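Chain nomenclature is as follows: A, B, C and D, assigned in order of appearance, with residue numbering initiated at 1 for each chain independently.
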Amino acid sequence: MNFSSDNVTGAHPKIVAALAEAAAAGPMPAYGADPLTEALTKRLCEVFEREVAVYPVATGTAANALALSALTPPWGGVLAGAEAHVEVDECGAVEAMTGARIMAVPAPDGKLTPAALAARIAPLRKGDQHQVQPAVVSITQASECGTVYAPAEIAAIAAFCRTESLHLHMDGARFANAVASLGCTPAEVTWKAGVEALSFGATKNGALAAEAVIFFDPASAENFLFRRKRAGHLFSKMRFLSAQLLAYLDDDLWLKNAAHANEAARHLALGLIDLPGVDLDHPVDGNELFVRLPLAIADRLLRAGYHFYPWGAPPADPASEAGLYRFVTAFDTDLASIDALLAAALPPAAENT
Amino acid sequence: MNFSSDNVTGAHPKIVAALAEAAAAGPMPAYGADPLTEALTKRLCEVFEREVAVYPVATGTAANALALSALTPPWGGVLAGAEAHVEVDECGAVEAMTGARIMAVPAPDGKLTPAALAARIAPLRKGDQHQVQPAVVSITQASECGTVYAPAEIAAIAAFCRTESLHLHMDGARFANAVASLGCTPAEVTWKAGVEALSFGATKNGALAAEAVIFFDPASAENFLFRRKRAGHLFSKMRFLSAQLLAYLDDDLWLKNAAHANEAARHLALGLIDLPGVDLDHPVDGNELFVRLPLAIADRLLRAGYHFYPWGAPPADPASEAGLYRFVTAFDTDLASIDALLAAALPPAAENT
Amino acid sequence: MNFSSDNVTGAHPKIVAALAEAAAAGPMPAYGADPLTEALTKRLCEVFEREVAVYPVATGTAANALALSALTPPWGGVLAGAEAHVEVDECGAVEAMTGARIMAVPAPDGKLTPAALAARIAPLRKGDQHQVQPAVVSITQASECGTVYAPAEIAAIAAFCRTESLHLHMDGARFANAVASLGCTPAEVTWKAGVEALSFGATKNGALAAEAVIFFDPASAENFLFRRKRAGHLFSKMRFLSAQLLAYLDDDLWLKNAAHANEAARHLALGLIDLPGVDLDHPVDGNELFVRLPLAIADRLLRAGYHFYPWGAPPADPASEAGLYRFVTAFDTDLASIDALLAAALPPAAENT
Amino acid sequence: MNFSSDNVTGAHPKIVAALAEAAAAGPMPAYGADPLTEALTKRLCEVFEREVAVYPVATGTAANALALSALTPPWGGVLAGAEAHVEVDECGAVEAMTGARIMAVPAPDGKLTPAALAARIAPLRKGDQHQVQPAVVSITQASECGTVYAPAEIAAIAAFCRTESLHLHMDGARFANAVASLGCTPAEVTWKAGVEALSFGATKNGALAAEAVIFFDPASAENFLFRRKRAGHLFSKMRFLSAQLLAYLDDDLWLKNAAHANEAARHLALGLIDLPGVDLDHPVDGNELFVRLPLAIADRLLRAGYHFYPWGAPPADPASEAGLYRFVTAFDTDLASIDALLAAALPPAAENT
């Protein structure tokens, strides 16, 4: 079984079926003028309980970089967690598309706080022509540490943003996992809490390749069409992005998939933590676990064919007998396979006697 | 029937089936380390009869802009036909990703020539720090006028490029149509004729969204991974691009699809040209027709529900009784529908008497 | 004597004296907070008879590219004459600083017209996400052909701009020559005629290196400080740009210098045109002449040590006995030297008999 | 007296005289083809005891950003001290001109070390397409903390750079102060220690506005002409940058100016440190002091009309009775004025009794 990431998965059969149906539906206008894209926007307005502007793209990196390009001038700063995907894993895409600078902020458990943001910008001089000017905060929901912001935590950040004239963006590559975990509405954890733009992810949670940039104030997105096209992210056969996203939303598939992945993660976490010497680095709110494992356990699992990543810097002490590892569950994780993993983690019976 | 573009089509069932199969294939490494992507590279090496470097992306604009970014410095010039897609239809994507300037060159019938290129660069001063320096020629095969370069025509351009130290790129959004039309090998019309990088298109010819940037000298592409990721064009579930392209190549589906579209175009052209007052603006080598139609005919067709675009500027003379129109056929064009169209173009019987 | 360009000149003694005075004036706040820069803004408000925002920079290319960066989005088009400095002589600086595309427009005698602009944008689709969107017109005053726009000509362009929602920029590298030639006020030929931003040049007309970007609506320049600094064009010892510009404006030195250069050009033009076989390619409104000379005359002048450039493409007919040449006069051109030149242009007496 | 920065100064009379002489020298070829620029390159080859490529520009920010643009790809990282000018004071100019990301590295006393650099890049994955790739180290000599790297310290960094395939750039805005402080040759502290490119500053040390980008391997600078022009940093009357730099180098004026400023700083430091409650934050190697002063002393000095900046964050404890301040001396600092300052720092005699 493969716990290395949620992007090693295939796709959910319902989404594949929707693609196939769209493929056989005959001619449709290109570039987003098709009925599926229109339906998608309507559907997302319902999901978010307000008028929204929707721009489907194929990758999360594109969604983030393009969304942020609408929220910062080239001389702006993007405040993001030190482990944020935009900082660590996108090869400078945000800088390339915005011109702006990412300003990494310490984020214990992967979550920014008003205090941490305030400390980061304190030494900067607002309006001073010599300095990059903080322009937007980007939070990741669920975070890169597998935790989830409560609506009140986001609202507190949004209040800080208003005070400091900063925009607020949410990288929702695992947005479904967060919503499923919180049990709140999508609106409560986004615009009602002060989020202005959302990278709404589907790829990791059952789609083949589909994300949407969502602006909660459509007026703020007036030039976004040009930004997307100019970056090569406008699909000619847009129906194929929209079909994925419609199937993803249909009958709450997105939340069901995420709830399943979250449940699998919780199950795995509870099982692992029962083992001697095992510890969690962060709360397990979504579908990611960061686990300190005795090397003997890690070794047994790897030899048994389980896939998962060692995480962060290797232990400073080479004699250390434990390491940090990341496990990620997904919409298609077999719960039974987790029990098998937990069994495989145990020392062989012979050693027990 | 819809003749407005080949991107109003759905997708070929075999490609959809390949996607479905890939979706159900269980976990695979992400970001291009999967077996399908490996197989794709191998397959394209066979198709092009040499080692090539292959980078799948989802849109033709991305393929062109990224390929060109590897072939020009920011102070370079991209010589392209005045009607080239990179000049007319990509909202400045090439400029955004390269920093370079597109230098439009008159291209009768959509095809560049060494003479036209020479005339365009003649006033420029090579090596002069004040001037954008021509760096790369981009030709479109099949061209935006529905014509096709013969290998010898490309070789002549390549010879010019060598003389002037220019790279040579091919926008092959309709590459299959060109190869099917020429009856040559893919190698003969690319690297054997001097092309260094190819935007290999599949979307318009049966895929959902799949293109590949192909470098014929893999060494010249060493940093391309960074370029693609930084632009947000790296798919995490790369298998879904590769699966489309593999199915596209499998059993020559790409050439069969293209041959069908070309045949449909030829059939349509021959039928139309038989009508009084109808003229072709360019030879019909591929799957696009540019036709001057008496307004009465155009009107009848539009009222009969056929879709096609008026093209270029409206007639200067408002009393003109003809206009220019574009018709595009595709892999799924029903040949019978063309006969129906031709019948609908005729004046009603009553008028004939 | 050197007629190759007005930038081969040294600097006017009064401007040098002002620099020396500023250099000895003791400590002053850096980065534009000094009293000279404050005085400069005040002075330019008087010169232009309204409140203006003033940003000194050292080069004309910087002035143009930065001014335009405030007037176009990255997906915008900059409409400029086919021979405009921004198009021909700035190595893509405008593209580099704006992201935008320069759209060259035929400009006979170096001057744009509403008709030529309208023809250029006619094929473009406004608001279409696939296309670079025309955003700003840049006119050069005096033009690269040595001609000058009358206020009414500019007003006509400005009216076109308003109709098409385009901004209007003036490259005034030789603005003084134009004002001196027209005998109008600086206001009449700029904001009163509809110009929004001006690259106000001094380098070619007696300064060492000093230009100013001037916005006639200061509100539109609110972020310009960041643009300038981010491009490396903010002087720490700004006093040295401002001192040059103050001396340049003081006692109308700028207009006197320009009037002298214009007079020298006129004198030279009148003298040359009297010679057999000599023709002017454009009216001589300012300090540049584009002259068709019999090769024998050109030869005699070159052998006599006069410097001037052959211009444009060499004659198509190699047997041609005339060529096109550019002569540029300047603030320090010795009128007597022009008479000497005219004498040297004549065939030797022996040949006359 | 003004100790707020070395850029509040005017200019050295010899440099002004050289400018005046160049201004009166009659016509010279533009854009760097003049004899002064040629002489400058020759002179700098002598100063650095090897062939170098020299590109004068007017600002330090331009010199840094342009130099670095030749040393990193857009997906590269620029490793610089957390207080480096490129990071703190250039409004993102390096990012704008390179596309790259600045990676701030803790630099106690303003100096990078191989250990600190190694720690910064340790978590990064070399060659991984997801990550910005460290490409160049930029050190500041003298540093932003007023300290100076010894040649051996630079050599150690250069050795690290070679191991990690990084380029090495030196921001020498105060290079003269460093060389004067070390008493070594310019070569020893640059290319002999492994530096590849130098931003050679003159503005802060007596010039009006003049810096030079120097490449120690001229071959590596082959495209620099285009980079400079494209950024608007090519002077048409280049003679005026070269004349400043020639006068600056002539008769070792640069080193004399710097030695004077350094001596003034040392004198000021020794005097201040004798006062009760005064402390230095960093060694005073060059012309900058970072001093912790009792608020009473700071207050007396400010009221006596001395200019200097409070530095860094205000004291965390509002009841604190000391603060951090920066004093900068310059080529024209009057040593007597320092004695006056020290006297003014003392409590009034009445308070002493």
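We take it that a contact is a pair of C-beta atoms (placed from the backbone, for glycine too) under 8 Å apart; a residue touches a chain by one contact, two chains touch by 3 or more.
By chain, with names taken from UniProt: A, B, C, D = L-threonine aldolase.
All values derive from a computational prediction rather than experimental measurement.
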### Summary
Taking shared numbers over all numbers used, above half giving same and below half different, the subunit C and subunit D interface sides are same
### Task
Would you mind telling me which chain pair, B-C or A-C, is linked by more contacting C-beta pairs?
B-C
### Task
Could you pull out the chain whose C-alpha mean position is farthest off from that of subunit A?
C
### Summary
Averaging C-alpha coordinates per chain, one finds the centres of subunit A and subunit C separated by a number of Å equal to 52
### Message
I'd like to verify one number: the distance from the centre of subunit C to the centre of subunit D, where each centre is the average of its C-alpha atoms, in whole angstrom.
### Response
35
### Task
Compute the distance, rounded to whole Å, between the mean C-alpha positions of subunit B and subunit C.
42
### Residues of subunit A whose C-beta touches two or more other chains
31, 74-75, 90-92, 96, 129-130, 226, 229-230, 234
### Task
Would you pull the subunit B residues touching subunit C in the complex into a rising list?
74-75, 88-92, 95-96, 99-102, 122-123, 129-132, 312-313
### Query
Mind pulling up the subunit D residues that touch subunit C in the complex?
2, 4-5, 7-13, 15-16, 19-20, 22-31, 57-63, 65-66, 90-93, 96-97, 203-204, 208-209, 226, 229-237, 239-241, 307
### Query
Tell me, which parts of subunit B touch subunit D in their complex?
31, 73-75, 129-130, 133, 223, 225-230, 234
